[in-house]
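The letters A, B, C, D, E and F name the chains in turn, as written, and every chain counts its residues from 1.
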Amino acid sequence: MPKVITFGEVLMRLCPPAQGRFVQSDCFNVLYAGSEANAAASLSILGVSSEHVTCLPDNELGRAASMQSKQCGVCTDHVVYKEGRLGLYFLESGASIRSPKIIYDRFDSAFANLDADAFDWEEIMEGAEWFHWSGITPAISQSAADACRNAIATARKKGLKVSGDINYRRNLWQYGKTARDIMPELIEMCDLLVAGITDFENCLGISDATLEATCIKAAKQYPNIKKVATTNRGTVDSSHQSISGVLWNGKGILESRKYDLNPIVDRVGSGDAFMAGIIYGYVNKMNDQQTIDFATAACALKHTVEGDVNRVSVSEIEAVIKGENVGKLLR
Amino acid sequence: MPKVITFGEVLMRLCPPAQGRFVQSDCFNVLYAGSEANAAASLSILGVSSEHVTCLPDNELGRAASMQSKQCGVCTDHVVYKEGRLGLYFLESGASIRSPKIIYDRFDSAFANLDADAFDWEEIMEGAEWFHWSGITPAISQSAADACRNAIATARKKGLKVSGDINYRRNLWQYGKTARDIMPELIEMCDLLVAGITDFENCLGISDATLEATCIKAAKQYPNIKKVATTNRGTVDSSHQSISGVLWNGKGILESRKYDLNPIVDRVGSGDAFMAGIIYGYVNKMNDQQTIDFATAACALKHTVEGDVNRVSVSEIEAVIKGENVGKLLR
Amino acid sequence: MPKVITFGEVLMRLCPPAQGRFVQSDCFNVLYAGSEANAAASLSILGVSSEHVTCLPDNELGRAASMQSKQCGVCTDHVVYKEGRLGLYFLESGASIRSPKIIYDRFDSAFANLDADAFDWEEIMEGAEWFHWSGITPAISQSAADACRNAIATARKKGLKVSGDINYRRNLWQYGKTARDIMPELIEMCDLLVAGITDFENCLGISDATLEATCIKAAKQYPNIKKVATTNRGTVDSSHQSISGVLWNGKGILESRKYDLNPIVDRVGSGDAFMAGIIYGYVNKMNDQQTIDFATAACALKHTVEGDVNRVSVSEIEAVIKGENVGKLLR
Amino acid sequence: MPKVITFGEVLMRLCPPAQGRFVQSDCFNVLYAGSEANAAASLSILGVSSEHVTCLPDNELGRAASMQSKQCGVCTDHVVYKEGRLGLYFLESGASIRSPKIIYDRFDSAFANLDADAFDWEEIMEGAEWFHWSGITPAISQSAADACRNAIATARKKGLKVSGDINYRRNLWQYGKTARDIMPELIEMCDLLVAGITDFENCLGISDATLEATCIKAAKQYPNIKKVATTNRGTVDSSHQSISGVLWNGKGILESRKYDLNPIVDRVGSGDAFMAGIIYGYVNKMNDQQTIDFATAACALKHTVEGDVNRVSVSEIEAVIKGENVGKLLR
Amino acid sequence: MPKVITFGEVLMRLCPPAQGRFVQSDCFNVLYAGSEANAAASLSILGVSSEHVTCLPDNELGRAASMQSKQCGVCTDHVVYKEGRLGLYFLESGASIRSPKIIYDRFDSAFANLDADAFDWEEIMEGAEWFHWSGITPAISQSAADACRNAIATARKKGLKVSGDINYRRNLWQYGKTARDIMPELIEMCDLLVAGITDFENCLGISDATLEATCIKAAKQYPNIKKVATTNRGTVDSSHQSISGVLWNGKGILESRKYDLNPIVDRVGSGDAFMAGIIYGYVNKMNDQQTIDFATAACALKHTVEGDVNRVSVSEIEAVIKGENVGKLLR
Amino acid sequence: MPKVITFGEVLMRLCPPAQGRFVQSDCFNVLYAGSEANAAASLSILGVSSEHVTCLPDNELGRAASMQSKQCGVCTDHVVYKEGRLGLYFLESGASIRSPKIIYDRFDSAFANLDADAFDWEEIMEGAEWFHWSGITPAISQSAADACRNAIATARKKGLKVSGDINYRRNLWQYGKTARDIMPELIEMCDLLVAGITDFENCLGISDATLEATCIKAAKQYPNIKKVATTNRGTVDSSHQSISGVLWNGKGILESRKYDLNPIVDRVGSGDAFMAGIIYGYVNKMNDQQTIDFATAACALKHTVEGDVNRVSVSEIEAVIKGENVGKLLR
């Protein structure tokens, strides 16, 4: 019985090998990724039963996408297949002073054209404990936004915890609505957000000088919100960065250690790894400090793993938190 | 000064290595291809100056596509770049009794959304000798069809020879027009067609028992048409096929040798190699028999070359026609 | 609810790329395979819900093995993890007159050392329709044989159909028992066997001039056996072979078409693809002729797919049976 | 109409993948490179029309070399093909405290044996703005030196700006002349040099304590020289270095920022990227400070790109100069 | 005539490419390695004639293992082949804060089951100067320990220098004996040890506060021991470490420089490279300081070379010692 | 003690992967090969002790070349290293009707410039049984021809059997001598030749209608010649050929079976495999028929192995002769 349900689009990711540029590569590495699917995969690998709900094209590429979720142990029983295309993104890794780049090609996908009524959320969420969505989904299309709202409302009704990774991206909102039109209703139903100050400003029109002050303001208006988490990234260049985590728990700000990351193997999906760490913590009854520590260490380790999915174990995360074995050859 | 001008869409081709299936491959080989661009590249490699005109997305993938044309020596000076996506196709090679497959993802591309007035055909065709288009282009969108008609009309006006590769594909015509709405006007202005019996039926509503009879009927209605060429494929399975060529020259049917091809390395683009061979022949003042022999041998050799472009030389084609050196280690 | 349950060891397969020999390769392709797991994966890909039960080492290699089953949609909920090693096999593909080779390294694996009581067959088989085992499992160790017998007995008791792929391999029986000691009791409980004449001889001491005569003799002694299927392989060399299927259904021998296979991409797992085809046919209420036709076409197609798993669809198999589209480029 | 003409040899570069050593690699990455061709390719990618003139062997390797120039948009219309071999160099990347290594195999190449009269410099330079050569060319053979002198003299006569990248390499001068025999005449005709103190010493016998003092002395003797540029490299080890640029403009020394580079992906060609940046600046009417800033940032970015060619855009270089987006994921 | 004889097991090493994790890799890089074989290969590459004695399975994998020794110039004339399996290890490279991991699968190998009398040590050591073993061998099985003792005793008798790399690994000792049962007798016959404080404790029950004090105690009890060497590793993380060397020569402690290593390409085998450096030094009559300097520089360079074998030359090591050319492009 | 000594140049072979063409490949597979070195490697793999004598450049590429001989077990103790370059050849595999191609780049190599007195043939051949050379060596340069003559003369003097693979290649003879100037003296000292009718014509000016007649004539003039062997190749195309062997033993012509080879993996080196098979047969006291059967089967199997070296075992060859196991999966 899946404990955690996630909903969102899955894209094919195409990435030149090593540190090659698009124009010089005659093959691209292929995998399938999406913010919420990544979180579901991370959770499953950490031992938390999870299911990812999405809409995929009814062809071999759509099936390949769901097969990658399955490989990670994520239930895909309620994936809807329909005519259409699979969204794509092209990723070029950076190096040193050269920045990484993403070219999206995701418009008009099968997911964007999903039928909002195609998902039986009552059945899907039966027995589940947690529902997770991100701000990418309602930005894609009206029907995606509708399906997302239905999912959140059902989750709330059935007593699941609801988390939203706000992840505001201006250039996604192309169907005639803005984030401020759509997001407030969705955020209102959440217990926990991953969001930074600018996310609040862009989606809710709420802002203040510090994250804590912003959270207090937001929670006043949206009283279901009990926790807000985010990461702070320090950047030397594309290869060398640091990461630390912050959690507002209604009482104050808790912080994790800061991790120095050099070299970065793949930073894409590190936010999803953080999100999965937060959910993992609360599903496993960790306290707030343990949770932000776990999520940040998970996020830090993700930077060392190729691909969007955080293929690390609980014991690896715990060792990193304790500073044990770092760099030691484990036999 | 380019002698041959071609016009049409360029797609990214993504293909699992070796004989892998989509669902089992974690990298895809990448190249850029389109029926008319393939023909232009073949011609350039054969030593005929050529230019390919197209519309590409104004990003690094669009630039990568034009860089491949450039690499083959094709002039790209009149490529138009605009916002939008690059069309794609996914190719799975077959083997033995397993068939090869293509999944297209080309709708709503920058090319489909091109501005029909963005091309200054008068300037482009100045000094050129031949214009080539295919039936794929007018099937993509109204503006693509308009641009194609403008190009053909200008070519005709300026005294270029015009060739059209009819290449009817039912599932491309999605913008509210059918081939019979659009194609007759375009075909009417052509000197030479690559077309089979069903192409005449689908595009012109003309059919008869034999290719010759069909050509005679068509030429009566469309008197500009002087030559019609096509290939006949014999199929044992995906790895083992044969190819021969046929040319109707207004007087009768000329045939080439039949080539046995086993194993086939990559058959995609073999029609474009044939087309380029036909143009090569006439641009180089070959007679009809020499032309169909050259084009068919070029087409046959293409089956042995990976990728859409026929990377073979004139001397290799001539050796195949003569049956010289086949299988001999050339030092 | 899985309809088909399979039980057996999963090995890591290590194979030099292309047609490389062991001594000249500095990388090996890696996948995870086992006769029964292959059948379960094939079934799942064909749309039949399946579960594979096995014992894997409690390390990342064991987890990788189960992740491959999951990727194919096979349920792995009852896999037992324990200390120990993952069995391996090294495969060298042949070519033309050079034969393919396998070096096994599977002794003393976690599976060989499994605890026969670690599997709750009553629970595993609840609601299932079919149980499948192969003669490899009882050959590995006493505890594997015991677990296999328990599984078969439970299956029988709970009314599942039982199939056994006899697959006699002399050099596996190393734990002090012979096939004739162990197999009769297991075969006695089967409804359907995949077996050739020598399998009957080696496991039951029964033989006769023809497969039909042998089957009749065997069914007299082992009256549960209602069907016996096998394949006939014609061999030109490593790259060129043919395959046809035979089914004895208690009344007579039914035969499939013979498929010519050239070149063979990977023949390993073709027997498992045949087995899965047989099960697919009967689970889907095909008649005997339809079943042997389906299974043989599945087996034939497997030869064109890299890896042990038959990654083909029902519609591909049906097209091969009808001789449709063979070698045609499917767009 | 090409604005910038370059002249020099093109070699095949063979390089073990990743950080492999020659003796342990069973494949080598292949590309085609030469100091001046690299500069032409960089310029073309930056949007400056360029043509590279060279002599290549009349075989498929020579054609592959010119195809790479073409791919980068460089005009190759005046390449001369003749019998002979393609020069080669083998590159082993270093890592950390292990140094990178080059083994040259370039003697007796088609270029070394070129016919100095094979190039119609009058025609080639018609309408061009800038001619660029390097000190490698006159070091190769007498005929190469002659062709280079002819080119420079024609450029001067036709009013092109002339730049020379001195790049003194003692072990190249093997044909009986020394740099001091040949270089003064060539340098005398230059407007701009890329050269360090030892280059002046080795080629002109001029030296002084500082670059500025050396430049002043040289300009007194060679009054055409108006600008001298060079880079300063700081070296921690093979993976971690810094680069800054210096320009003497007749009045004094201008300096760029210093860029910290870690890890270095490929430093080969970084001098050519610097050279292209200098030419880009002056062709685009940048002032001296802008030019040295642009050239140094281009040079720095080259260290992050695999291959000899600096595959970066003007906007990427500008962002690096401003310190914008460094390490940021660009979507 | 080999000067240095080594004895020990050779394993197949299987390693995901780049920084991939086991569960996400569909191919593994393959090589053959063992502590003593690595030392022999290093010595041979450095110009010291060496022979490695081992027992390998009599199949193509065993032959591939010996072919790698041969490739490095190591004599394999006395390798014994017998039935059995080749031991394996699976290596996952770490990156940044993610640690590297090894999964061993070496029990019950052909080497573990070797016949202690299969080696004619008298003949093997005829004319040799040095014998080297490691503490891995006696930990594998009783017969391996016996063979090792025979070899050491013969070496001693014939006047060879004997070195032992203690390399204590608790989880290897599985055959009913402990290191303290077996190692004292072997260590007693050694002239030189590579060992750290915990090695003395684990194998001899001798310990003290410092390495020097421990060595003095040990040498009192085991008077043949004249030298003890070891390395000190400083660890930032998996990618960034430092190494320095220490040698106790009976009079005091000599230290090498400390080398900063970033990034580390492959640290596996660096201890064997150190060992080979020590032997190289003494065989070449270096003094103690020269020897520890040479061995440490060799060890440091090994971290920049993929694979277990230290593929570097004497001149590269000498340049590192002098700090010459570090990071310089050598042409 | 090597039984068989071979002498000849070793080249680096560079080959696009799979069936790629030179102009479309961005990596080349690398190995080291030469007719006589290939024969020595084959012999060593078959169990016949062999030594290859050559002259290699004193750099890492030369060392890599000798390391490949060593890997195959060939003694390289008398290799001479000197300044210079390593000869190269570029190989493009053909497919179906496209022919394979070789571009040589071997002039002015270290071998071509060898010092004919650098080899102490008396010492090298001490205790050996057989010396083998090919017609490539005397074609390279006067000093190579001199060294070859010295070697043959010494072999003869010391009682070794001498075999020569005539392998006439017109375009190699570039140093002012022709084959007819040089070869007669060398052939005169041979016991066994591999040669076809045109080889006799080109080197000795002897020809006749049949091989037998030609051999009889030649043996009359060159009475040392006791045996002449050659292969007959039947060619369908690049992928499909047949091979059979012929031996003239002074009494008549013996023939082997004809082997059908489809697909051919790599035919380069198949002549050397045949040569090695002939030597193997006579060194192992096979009779003439056994020898030609063995050599032809070895040659046939070589076509299925990537690379110049025939990596097959005696038992594989014997099975092919008997027609056993062809295409069977060997477990």
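Note that in this section a residue touches a chain if its C-beta (ideal position, glycine included) is under 8 Å from a C-beta of that chain, and two chains touch if they have at least 3 such contacts.
Note that the structure is predicted; figures quoted are calculated from it, not measured.
With respect to subunit A, maximal separation of chain centres occurs for F (centres as means of Cα atoms).
When chain centres are set by their Cα atoms, the one at the greatest distance from subunit B is E.
Inter-chain centre distance (subunit C to subunit D, centres taken as mean C-alpha positions): 62 Å. Measuring from the averaged C-alpha position of subunit A to that of subunit E gives a distance of 46 Å. Counting partner chains per residue, subunit B shows two or more touched chains at residues 18, 21, 23, 26, 67, 101, 263.
Taken in their complex, subunit A has these residues touching subunit D: 18-21, 23-24, 94-102, 104, 169, 171, 235-241, 263, 267-268.
In the complex of the two chains, the subunit E residues touching subunit F come out as 67-68, 70-73. The touching residues of subunit C, when paired with subunit E in their complex, are 14, 17, 21-23, 25-31, 59-61, 63-64, 67, 85-86, 88, 90, 92, 101, 103, 105, 107-108. Touching subunit A in their complex are the following residues of subunit D: 18, 259-265, 300-301, 303-307, 311-312, 316, 319-320, 325-331.
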